Amino acid sequence: MILKNMRLIGADMNFASDNAGPAAPEIMDAVVRANHGYQSSYGADGVMQSVRNRIRERFEAPDAEIHLVATGTAANALCLACLCPPWGTVYCHRNSHVEEDECGAPEFYTGGAKLTLLEGAHARIDPAGLDAALRDAAPVGVHNVQKGALTLTNATENGAVYDTGQLRQLTELAAAHEIPVHVDGARFANAVAYLGCSPAELSWKAGVKALSLGGTKNGLLGVEAVVLFDPRHSWEFELRRKRGGHLFSKHRFLSAQMDAYLEGDLWLKLAGHANATARYLGEQISSCENTAILHPVEANMVFAEWPRRLHQAAYERGAGYYLWPHAQQLEGDPDKLLSARLVCNWSTTESEVDRFIEILRRN
Amino acid sequence: MILKNMRLIGADMNFASDNAGPAAPEIMDAVVRANHGYQSSYGADGVMQSVRNRIRERFEAPDAEIHLVATGTAANALCLACLCPPWGTVYCHRNSHVEEDECGAPEFYTGGAKLTLLEGAHARIDPAGLDAALRDAAPVGVHNVQKGALTLTNATENGAVYDTGQLRQLTELAAAHEIPVHVDGARFANAVAYLGCSPAELSWKAGVKALSLGGTKNGLLGVEAVVLFDPRHSWEFELRRKRGGHLFSKHRFLSAQMDAYLEGDLWLKLAGHANATARYLGEQISSCENTAILHPVEANMVFAEWPRRLHQAAYERGAGYYLWPHAQQLEGDPDKLLSARLVCNWSTTESEVDRFIEILRRN
Amino acid sequence: MILKNMRLIGADMNFASDNAGPAAPEIMDAVVRANHGYQSSYGADGVMQSVRNRIRERFEAPDAEIHLVATGTAANALCLACLCPPWGTVYCHRNSHVEEDECGAPEFYTGGAKLTLLEGAHARIDPAGLDAALRDAAPVGVHNVQKGALTLTNATENGAVYDTGQLRQLTELAAAHEIPVHVDGARFANAVAYLGCSPAELSWKAGVKALSLGGTKNGLLGVEAVVLFDPRHSWEFELRRKRGGHLFSKHRFLSAQMDAYLEGDLWLKLAGHANATARYLGEQISSCENTAILHPVEANMVFAEWPRRLHQAAYERGAGYYLWPHAQQLEGDPDKLLSARLVCNWSTTESEVDRFIEILRRN
Amino acid sequence: MILKNMRLIGADMNFASDNAGPAAPEIMDAVVRANHGYQSSYGADGVMQSVRNRIRERFEAPDAEIHLVATGTAANALCLACLCPPWGTVYCHRNSHVEEDECGAPEFYTGGAKLTLLEGAHARIDPAGLDAALRDAAPVGVHNVQKGALTLTNATENGAVYDTGQLRQLTELAAAHEIPVHVDGARFANAVAYLGCSPAELSWKAGVKALSLGGTKNGLLGVEAVVLFDPRHSWEFELRRKRGGHLFSKHRFLSAQMDAYLEGDLWLKLAGHANATARYLGEQISSCENTAILHPVEANMVFAEWPRRLHQAAYERGAGYYLWPHAQQLEGDPDKLLSARLVCNWSTTESEVDRFIEILRRN
């Protein structure tokens, strides 16, 4: 969505989205290297086996099945279709990507399941609300949709991270009601990097059955790995993927990206850098007058507010970011506080942050 | 699908599939160049406007709407979903990709439409059969599925090409029954290169409403352009694409491929080379003893048969291709004729063909 | 759903549901009369033409198209599928039948549309909430589901009635956002009978495009008429109905019921009686000690609360009705107020009410 | 579908369809009797338990689960949705009701499965053709739709009956490929009555997993029983039924019909009468000059041909039936043979047949 009131593409100071930035050089190199001779198509390429091995090892999950797709929406919707029947409901946060940014992909792929919207600060699902919703549905009859699956986003849409305790609180509620748990991990790397825990602790060891392991927002051209900790869904996933048009013939170009991403924990290095830069950005914003940080800066995003005239100045000087929520207007009372989302990615530099902060300070 | 009775990946002499080969260097260069700084995501990148302009100009279709997806199955299924209602039927050849190789993607994306299978030599739809099928459905009532759309593949799955006359015969029948026409153009470049006609003559000027313009089989990493000659379907297409998980955030990497593909008619050069190599391969096979060519070699594929012992020898020496149909066995009576499909791509060389033919001659 | 804590089937004092009661004798007579000789099937029976004429005349809508189905869920879901695309959202009340009691039928029939839940007292949609939701969706992009349709229930699930002014407030908001309006009229007869207005005033004259005109809850065996004030949806509706398995071969038995229902405004007489009995019941409950009426008694339902011991006494003496919401327990502190739903139908008598009230008074 | 070239509704001599005739008096009486006092809704009525018991006993299947719907299309499509995944294909006869007369209901309810069309005389599936189709699909990969289910119609659309041996031939093929078998038994009663076998022999004992046990074509107003011999599908069926809008609130009126239908084997008596009348009709037609019987007359339908002038005479004198196939024209060369379908139902009399035959003889 292109909004009139922003500049998305700056030579620098671009905090619009982690998917507006470039791919990491290690990734691009791997893609170029993969373009050599012949390779079996449709996922039978040799590199894909390496991807599987790396994920199984890194996640301490030797039985996990792994499949690649090119978009986060595909990863999420295909996972949910495997976990939730058409007559089920998917419990999710009101501000989750599956609800707000996928144009109904979960409904489409599941064959018409429902999404039950839950509240919670910082886009984390409030356990009490989940508990109430599940209890409310408890005496199931044929008249209502059935309890289907729980999906949560880690890191959240507001840049917060569920730690393993918070995660377990939710997965245990799901388990008590016998529904499986999916994690939208478009920024899973950022969550792991923030917590310093093992990927296993933040996934299957905490009761997660399926994970969309994001790459696109973290330096890939466009690949997400679906990690099925319950391998029984694997064949169904493959059929749904093919039927959804998401099986790549020249699959080697997906494998190559994911392989390089995992090699030497590049994924955590890239995410760690983005997190650190966001933290630095958040601290610097905090130190400016008339500003406030709106959500904990745990991953690679800063949600903050400051007076409108500073937004005007920042836009004028070429900074790129979204006013958040979008409905706010750039024109009007110069002292009114407007809120914004600023996203850092693997390539964002401290000096960009410094130049940006200077605008906030000098105006 | 990996079959036991073939070697797919040879250092050379690989005729398994046009999607087992590499991307063209011009394409890879463009991808690398695209990886610079920030770009608007989701198709709002600058290069996409160039793609639109190039296609509109090259197809003499200033009103056409163009959208990119990464797989042919997505392109086909999304087009058909825009053209055929859930209660309609799509007329197609029995051996078409939409029927045989998409795991029901058209049924999924249309919301449960039917495919009506037609016969015809060389995977070209027989006009008499289409006429009969449409007449048969003519006195439509509510009990039957309704006439929905016609889809045909050019070049066909058997490497034949519909010329403009043959194409018009079918589109006129469709027009008489008021159903729109889609072309699966996974090898459209090969068809245009073979005929030497203009892209417009082989599409909208001949009554085609929507075209899946293939790139992946012809030197791209994975991009297909959907060309909607009737722009009224454009917004619906965009929504279906997003909802299907086929809208790329880092869309610039798709745009870059398609832009380079169109620049200086690279697409036709690549396809022309593949066609010429296939023609040469076909001629050489014809000149061998005990061989027969099974379909006209018009695009980049040769369907031929020769004795089993020569297949065994070819496999042994590292040639890669599929026995076609797959059910044939590599072991058995050495003189039995087995049929095969051999596909050339932009990178296949005459010397590979020569080495391959030598095997057929010497054994 | 059969709950342990109620007696549904009493010889009398049964207020469980308007669909637990019998069919009206005029209706049953018509069904018996229809069982004579041969009739064209699938809606081509002669009586269906009479049904069409009666509805067009009574609704002052000569162009309306009318189709019959046997269940309210079918009527609602088929209407919504005609009005809302798969990528749209249906605005509805959080407690509406389409959300709570159809096991996802709207999602199924629309091909995966979403339901956006709105608040409002007495299960009437709050116009301010609708306005906000529509505005919130206003800057539509491809990432979100699109504004699809508005559906409201009249009389509501809480027995309240939208008058023509309240109705227009909502339909004007919908019109401003260019989305069509459907009315779930499972108890439309009760609403018209309550208001004393014309059916046209409460439907197309107030901006309604499609109406599920209920019969089953008001004395039929099982028939609902779908009234399409915009006849352009008619053929699509017919195809969706057939494809949904809702076109009856021996359709005459549906036609006969609806015809008798409309003849001499039987539908309004039956609903008027049920309304009057409910009003009487509500007044009588009000006059008892320790009771409260929870929603305006405008149609044929009373929502009220009184002490648990009186519920226990009522159940013991054979009264049938649901504690509402269902989660309440019949056992426990005898003075605690528990709420209940009591439904009157065309056959409920004042003497039943009197006997029931006596229980509340004497205990 | 109303065709110009037929008279559907005659005072007598109506052989148009078994669903154009009346309901049997025993059935109508049961409906009238059911209209007494209050009954639990949605299938919890007392009579439904009797229906379950009767079917379990009569089919010697104590574990079978039974559910009622009102149309054959609903029964078939809901069964197939439980048996075949969205990515599967349903093997069926080219002329089956699911393919030709349900406007894509199986595709809709399964979520986009495919139907694979098989040939076979008299609308019986040819075992060799099924075998070939299943073998052809055997080396399943992700590219093709998967083997889903087999459905066959008994008695067939051409009035032929599969005996238990013929049935087993097909079900054993299905079992060898591990796909379940559904029987469209819209005229199952006619098949059982013809063979004189037990219902169990013609269903679960022969490997059938799910049966649509028809009532509507055999004297009911509109009820079909779904008999799930594998009860594991039962809850899924109930959810799909509700979600499809096929769960009746005043379910007692469905139960009552099915209960009376089963009582004292009325179903077999009604079907036996229809079969006998058809046999008599067939014999009489055979004995006329210039006629031919086109399919074995085993159930309640006669397919035959005779000169056009006799069709003209029959229509003129008020006989009602379809020319079959429909495309034939009533006007033209008087001696040309035209084929017709004549259907007898429980109420067709020998004297009607005699009057009809007299027309064929006297003209």
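For reference, chains read A, B, C and D in written order, and residue numbers begin at 1 within each chain.
Just so we're on the same page, a contact is a pair of C-beta atoms (placed from the backbone, for glycine too) under 8 Å apart; a residue touches a chain by one contact, two chains touch by 3 or more.
Note that the structure is a prediction, hence the values are computed from the model and not measured.
When the interfaces A-C and B-C are ranked by how many C-beta pairs touch across them, A-C comes first. Over half of the residue-numbered contact pairs at A-D are shared with one candidate from A-B, C-D or B-C, namely B-C. For chain C, the chain whose average C-alpha position is most distant is B. Separation between the centroids of chain C and chain D, computed from CA atoms only, is 34 Å. One simple way to say how far apart two chains are is to compare their mean CA positions; for chain A and chain C this gives 42 Å.
Chain B and chain C have CA centres that are 52 Å apart. The multi-chain contact residues of chain B, meaning those touching 2 or more other chains, are 1, 42, 86-87, 102-104, 108, 111-112, 142-143, 239, 242-243, 247. Across the interface of their complex, chain B is touched by residues 1-2, 8-11, 14, 16-17, 19-23, 28, 31-32, 35-42, 44, 69-75, 77-78, 102-105, 108-109, 216-217, 221-222, 239, 242-250, 253, 320 of chain A. Only residues 1, 3, 86-87, 100-104, 107-108, 110-115, 117, 136, 139, 141-145, 326-327 of chain B touch chain D when the two sit together in their complex. Of all residues in chain A, those touching chain D in their complex are 42, 85-87, 111, 142-143, 146, 236, 238-243, 247.
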